[in-house]
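Here it is, the structure, as structure tokens.
Chain naming follows the written order as A, B, C, D and E, and within any one chain the residues start at number 1.
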Amino acid sequence: MASISLRDVVKRYRTGKTELQVIHSVNAEIAHGEFIVIVGPSGCGKSTLLRMVAGLEEISSGEISIGERVVNELEPAERDIAMVFQNYALYPHMTVFDNMAYGLKIKKVPIDEIKQRVDKAAGILELGHLLARKPRELSGGQRQRVAMGRAIVRQPQVFLFDEPLSNLDAKLRAQTRLEIQKLHRELGITSLFVTHDQVEAMTLAQRMIVMNAGNMEQFGTPEEVYSRPATTFVASFIGSPPMNLLKHAPGGRPGSLLGIRPEHLDMGTSGWALQVETVELLGAERLVHARLGDEQLIIRTHEDQGAPEIGSTIHVLPREDRLHWFDAETGKRQ
Amino acid sequence: MASISLRDVVKRYRTGKTELQVIHSVNAEIAHGEFIVIVGPSGCGKSTLLRMVAGLEEISSGEISIGERVVNELEPAERDIAMVFQNYALYPHMTVFDNMAYGLKIKKVPIDEIKQRVDKAAGILELGHLLARKPRELSGGQRQRVAMGRAIVRQPQVFLFDEPLSNLDAKLRAQTRLEIQKLHRELGITSLFVTHDQVEAMTLAQRMIVMNAGNMEQFGTPEEVYSRPATTFVASFIGSPPMNLLKHAPGGRPGSLLGIRPEHLDMGTSGWALQVETVELLGAERLVHARLGDEQLIIRTHEDQGAPEIGSTIHVLPREDRLHWFDAETGKRQ
Amino acid sequence: QTEIQWWHSMTGGLNDWVLDLANGFNSSQTEYKIVPTYKGTYDETMPAAVAAFRAGNAPHILQVFEVGTATMMAAKGAVVPVGKVLADAGYKFDPKAYIPAVVGYYTAPNGQMLSFPFNSSTTVFNYNKDLFTKAGLDPNQPPKTWPEVVLAAAKLKASGVACPFTTSWQGWTQLESFSTWHNTEFASQGNGFGGTSARLTVNSPLHVRHIENLSNMAKQGLFVYRGRGNKADASFYSGECAMATASSSTYASIKKNAKFEFGISTLPYYPDVAGAPQNTVIGGASLWVMGGKKPAEYKGVAAFFNYLTNAEIQAKSHQRTGYLPITLASFELTEKTGFYKENPGTDVAVNQMIRKTTDKSRGIRLGNFIQVRAIEDEELEQVWAGKKSAKEALDAIVSRGNEQLERFQKAN
Amino acid sequence: MASEKRVVFRSTWLPWVLLAPQVAVITIFFFWPAAQALLQSFQQSDAFGLSTEWVGLQNFENLLNDPSYLASFKITAIFSVLVASLGIGISLLLAVFADRVVKATLVYRTLLIWPYAVAPAVAGVLWLFMFAPSIGIVSYALRGLGFEWNHLLDSDHAMTLIVIAAVWKQISYNFLFFLAGLQSIPKSLIEAAAIDGAKPWRRFWSIQFPLLSPTTFFLFVINVVYAFFDTFAIVDAATEGGPGRDTAILVYKVYYDGFKALDLGGSAAQSVVLMVIVIALTIIQFRFVEKKVQY
Amino acid sequence: MVERNRWLRVLSHAVLILGVFVVAFPLYVTFVASTQTATEILQAPMSLWPGSHLIENYTAALQGTGMGAASNAPVGRMMMISMITALVIAIGKIAISLLSAFAIVYFRFPFRMFFFWAIFVTLMLPVEVRIGPTYSVVASLGMLNTYAGLTIPLIASATATFLFRQFFLTVPDELVEAARMDGAGPMRFFKDVLVPLSTTSIAALFVIQFIYGWNQYLWPLLVTTEETMYPVVIGIKRMISGGDAATDWNIVMATAVLAMIPPALVVILMQRWFVKGLVDTEK
């Protein structure tokens, strides 16, 4: 277990003569045992940031420490970390046991202890009966568990996860999410978890880093991020369907954007008058896509409330305490 | 435009000496211009059913008609259908234009008309500026649109879709769903759409076929399927999180299962007493995983309601009008 | 115009020579056209022709090295005796006009000439006069006997020559020609002239003595082995080796490549052997006429051969290539023009061959001779490498070679 | 990847038409002649095929009784193993380092690929030329270093010479395959191993090398076949099987006996033996490749 | 790269440079020898600096006027024969293999696997092993001294068939289905989809087969009985160790360099596709 601190971390790629900065001065202090999720759209630099922590990419400037040590110059093996890759990166020619034991063998851990640690991890992950198989003989979910097992047996100070669930189907993903949570509760190892899926981020994170185009847009608990998004980017990225952002809302301020989440618009008989465009039923709830002037809005209602007719006019009332104001220029919260 | 009818459709695969029946006597009448979604878990036979309609698999017994014609013996090209594949199956070496035009070229449609039809389809799908590109130069969403375009230009009587959205990310998937709906409204072509994603099924379907292990479990509108699931399979497959199915619910009947959806359990001060196990925040709502005796339950609450503490006891009241009863043996609705 | 195919193995300047002959003939008349084709080395041309024959596509004329002679002779249905071709076309064939050792080799017991001697060579002794002078040897007194060769080699070595003596065609020069030169049988049945029941006799005490002698030279660095076939020739051209036994046909190349004065002398011999020196053995190749062709074509072949026997053309060929003159007339013509005086050593080959032959020196004509030659190479290499004694190697040559001879006897 | 297509076209005649050219060529130019060779192996005939005699297994018996033929097996085995293992080893080494070099890979690859274009017949000549005792540049240099090079009489030198020539000719081919194989190993596996604490040397042996094993095996078979058959031109040009018969590999002997010495029956019998070896090798490789395909 | 070890990078370059040196040295010697006179080459040690007879030697080689070259078939002519032969062999092999792989992968018919095996076995039956009978067949078909004789017997290809089969198996089934929906029949699919998709494999095979065709030696030696049909490899061999003439190494080496240029160009210019083809089809 260890804390992690990122201080003015910058990453530039040099391709030929041009230089591309993909991480812009990221600062973050992560405490012992925290579970941090890094979330953001594709290409925003999540993996790059994680790989700098892992030591797989050089740090262009700034400093990363794990525990008390500045690790900038350390080899990945010396950082005392373990990583779970998106495609699992299991060694295809080794059995599940050997995959998990490989790192320990290299460290020259006595074979008895290796056995015992692998068995324990396999027990936690319910892999006991699969130890003699090769990765190609496993299902996607099982492979994912082996990748986690490989990380666990190392008993590292830090866990790094790079979108480890994205190759699983929806059901398995939900289930594995719970397992990861349980695991973290049990082992309490500081973890960095990268995903571009906000649902994943919200459910897993103790605190989350929202990234966009190489910048850290917000760093906070899921509740904070959800209820007080720091920028319009965060506002529209977190929450599904996303927050409605209106330029010309009734009662809007010039130079500002008004944000209101779909579930904070209550249909009624008074309030803003909207034209209904389409209606989607999602099990227990309905999404009403509607138009206010030339702006598009989504309203989330409960299935009980009945579906408005397409083309009809409805009235919605925004909850006053749930309005968000952003600077129209910078996108910053006001 | 045409109706489709499936009469006692059966599919058996012969591998070596063993015979495997993967579709068990499916019957369905699909009207002109309907949008039908076939949904079910992996391996249940959705693709097989669709491919029999397409003419890509032989029909073992039974009859399929499109319009007035029995098509059992017709080649795919003669059935006047178009299909969108899961991996799009675009010809990688042809430009977008050529991909869309290929079928017409083979039919020896005059080049002027081909141009015009492709341009029109490209217009609808906003592909106009991409016509000269090769598929590898397109994003996932664009490829998907090309695959749709290839189907549209054919002006077929029937559209078949085999999980066309599963390779897209969540955001794009939602957006493309809307586009498909719009398209269907505009063109009004009878469509069969296969997916294993129930959200997709619910949002798109006018009527849906729920399949399980080669059997058609239910055929009805999304509302019907959601509010009156015909079997426990449908009950647990449709809706996320799934319906709670309890053997020993307070007030339960012997030999029956009681079904209640997570959103129809209201937290309060009286009712069933549950132990809270974990709580997940999903933006606007919370999922509370709790235990009733030795049965696991999920309750869905609004974020406003505050999070119950893990380990504490809460009380929930099931809504009486939302209880479902199933035969414990057959799983059929009672 | 009737085309006549001629497959040969002549490269370099010799190829030019072949072309000149063909062109000369072609422009001397209009009825026939000789088309010469290079088909690879001797041992590639013959199999190619054999395969072609089996497929019904043999050329009219085929150049076969002396080693293949017995095989060709045995193939009665495959070849037409040259004597017959000439006679049928009305040309007179007079054996007396030819150099005996040459024509004798290609003549059947009944006196009919089987193939046409074309480029006959024999073994000679080349030496580097400059190195001789440097070593304090008289450049005009080349060693005549093997003991003298050893002495000269020792002196050359002492003067810093890395390769005092080498040989090309080791089997041909050190066993075959060596045998006839010493009037000693190489194989029974008159070296195979008497029939296919001939067996090797190269493990005689004289042979053992010679190979032992060479083996000792090799051990002392006086004889340096430079490879099979004519590979060693290059070492002489380059001035690296001071003395070499080689084919007389090296003359043209030495003249072209050598940056030093060189001399040609007779093959060394052992003076204590009765009857030595006798005559050396023939090498090079002759032209065979293949069977199954049209009469008109044979006429053309005969006309071409007749053209080749012309004394002037013969003489020119001889002078140009270092191959032997085939008719006595051409030899005399060459002598008359003073060529031998101007080019000392060029007459050595003729002088070695022109003598009257004995039953033991007429030549060597054995079946499966190609394999026998290969066996000679393989076994002698073992001696030079010090892996076998001379006696062991020669015994092995006899026993392994005889197996080949038996097999040939059986098949024919 | 499946080894069968799920989707196939239906036609009773088209596949035959499609196969016809290939099948015609192999029947006329492979199987018919191979059958002839088989027939010849039971016959003895003179060079010109004028008299042919049925001898049954005589030719095979002769082979078995010929110590030099048996020796040739041993020589072939040594030669093939040397060529295959050195050829594979050296090109693997080069490929591993070329894989590490990010820049200039193209330059190295271009320079290393070049011998592939040289005909074996010419390759033998080139190396002979460089090692020729009198004019060879390499033998001269070796002499300068106090090493007396003599492949004409020293069997080990001769073997070394043909092995060098054969390996040299094959390095490019192996190199390309290895480089391609290395580049198709997912980078994340290497990274995972690095995080697991493996240093480059260890990573190579425990991750890259095992994952290359299909390529290595494939190349091993190809190289053995190459050493078995395609090298006769090299041997012919460089040593002619000498000194003695110490470099006379099987195919050289087939070629020599059948083509130069005109012993058709004996050569055909050797061909048959070689064909059997070939078919065995084919089966082994086929099995392996099929297995790998399902990987 | 995963680690930032500087000396490892230096070592990499060192090993590669050494490798390049060893691999390229014979070719350099060949080139140097082709710029000297025959006599200069014979003077051991030969100079390792290019001599001054480059143009002279190459002209001699090209025109066939050098002492070493055997006369009336100059290298230029032989190169053309080689070029035509190699092209026909490469293209022919690719064409018939594409067709047979297509048949084997995309159809079901009796003896399918038998034919596949039959083709596969030929992979390792080199000409040397059955040269006599093969020659007889060619001769009785009257194909001696023709391009047909030089090429057709070598045109069957197990390697290519196998490679194409492997590649076809990786082509997604959905593409066939899409084509069928579009109304394309088997040959239309073959022509419009399969062949265009196979271009990298085709390119890789073209390199391998072109070189195979170009480097043929024994077969042309047998089936050509006229010098006008000799390919260049024979031209080189014919200059060496024949008869009694000394080898003119300078001309031999010049010819060797000339003979190497076309295949080397093919390899080098197509190497990108070559490597890609090898990776894509996984051998």
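Heads up, the rule we're going with is that a residue touches a chain if its C-beta (ideal position, glycine included) is under 8 Å from a C-beta of that chain, and two chains touch if they have at least 3 such contacts.
Per UniProt, the chains are A, B = Sn-glycerol 3-phosphate transport system ATP-binding protein; D = sn-glycerol-3-phosphate transport system permease protein UgpA; E = sn-glycerol-3-phosphate transport system permease protein UgpE.
These numbers come from a predicted model, not from an experiment.
A.B. asks: Smallest number of touch links from subunit A to reach subunit C?
C.D. replies: 2
A.B. asks: Based on C-beta pairs in contact, work out which chain pair has the most and send it over.
C.D. replies: Greatest number of C-beta pairs in contact occurs for D-E.
A.B. asks: Whole-Å distance, subunit B centre to subunit D centre, using C-alpha means?
C.D. replies: Once rounded, the distance between the two centres reads 56 Å.
A.B. asks: Could you give the separation in Å between the centres of subunit B and subunit C, each centre being the mean of its C-alpha atoms?
C.D. replies: 92
A.B. asks: Using mean CA coordinates as chain centres, what's the subunit C-subunit D distance in Å?
C.D. replies: Computed from C-alpha means, the inter-chain centre distance equals 38 Å.
A.B. asks: Centre to centre, by mean C-alpha position, how many angstrom separate subunit D and subunit E?
C.D. replies: Spacing between the chain centres: roughly 16 Å.
A.B. asks: Which subunit C residues sit where two or more other chains touch them?
C.D. replies: Expected reply: 44, 54, 234, 238, 240.
A.B. asks: Check each residue of subunit E and list the ones that touch at least two other chains.
C.D. replies: 2-3, 42-44, 131-132, 136, 138, 177, 180, 237
A.B. asks: Please output the residue numbers of subunit A that touch at least 2 other chains, ranges allowed.
C.D. replies: Correct list: 56, 75-76.
A.B. asks: Give every residue of subunit A touching subunit B within the complex, in rising order.
C.D. replies: Against subunit B, the touching part of subunit A is residues 42, 169-170, 178, 181, 196-199, 202-203, 222-223, 226, 238-241, 261, 263, 278, 280-284, 289, 300, 302-303.
A.B. asks: Using the touch definition up top, name the residues of subunit A that touch subunit D in the complex.
C.D. replies: Those in contact with subunit D are residues 54-56, 75-77, 81-83, 85-87, 89, 91-93, 102-103, 106-107, 136, 150, 154.
A.B. asks: Spell out the residues on subunit E that touch subunit C in their complex, using ranges where they run on.
C.D. replies: Per the touch definition, subunit E meets subunit C at residues 38-39, 42-44, 67-68, 70-72, 131-132, 135-136, 138-140, 144, 221-222, 225-227, 234, 237-239, 241-248.
A.B. asks: Going by the contact rule at the top, pick out the subunit E residues touching subunit D in the complex.
C.D. replies: Per the touch definition, subunit E meets subunit D at residues 1-3, 5, 8-9, 11-13, 15-16, 19-20, 23-24, 26-27, 29-30, 33, 41-46, 48, 95-97, 99-100, 102-109, 112, 115, 117-126, 128-134, 136-138, 152-153, 155-157, 161, 166, 168-170, 173, 176-177, 180, 185-187, 189, 211, 214-215, 217-218, 233, 236-237, 240, 249, 252-253, 256, 259-260, 263-264, 266-268, 271, 274-275, 278-279, 282-283.
A.B. asks: Note which residues of subunit D are touching subunit E in the complex, please.
C.D. replies: Contact set of subunit D toward subunit E: 1-3, 5-9, 11-12, 14-16, 18-19, 21-23, 25-26, 28-34, 36-37, 40, 90, 93-94, 97-98, 100-102, 104, 108-122, 125-127, 129-130, 134-137, 140-141, 168, 171-172, 176-177, 179-181, 183-184, 190-191, 194, 199-200, 214-215, 218, 225, 229-230, 232-233, 237, 251, 254-255, 258-259, 264, 268, 271, 274-275, 278-279, 281-282, 286, 289, 293.
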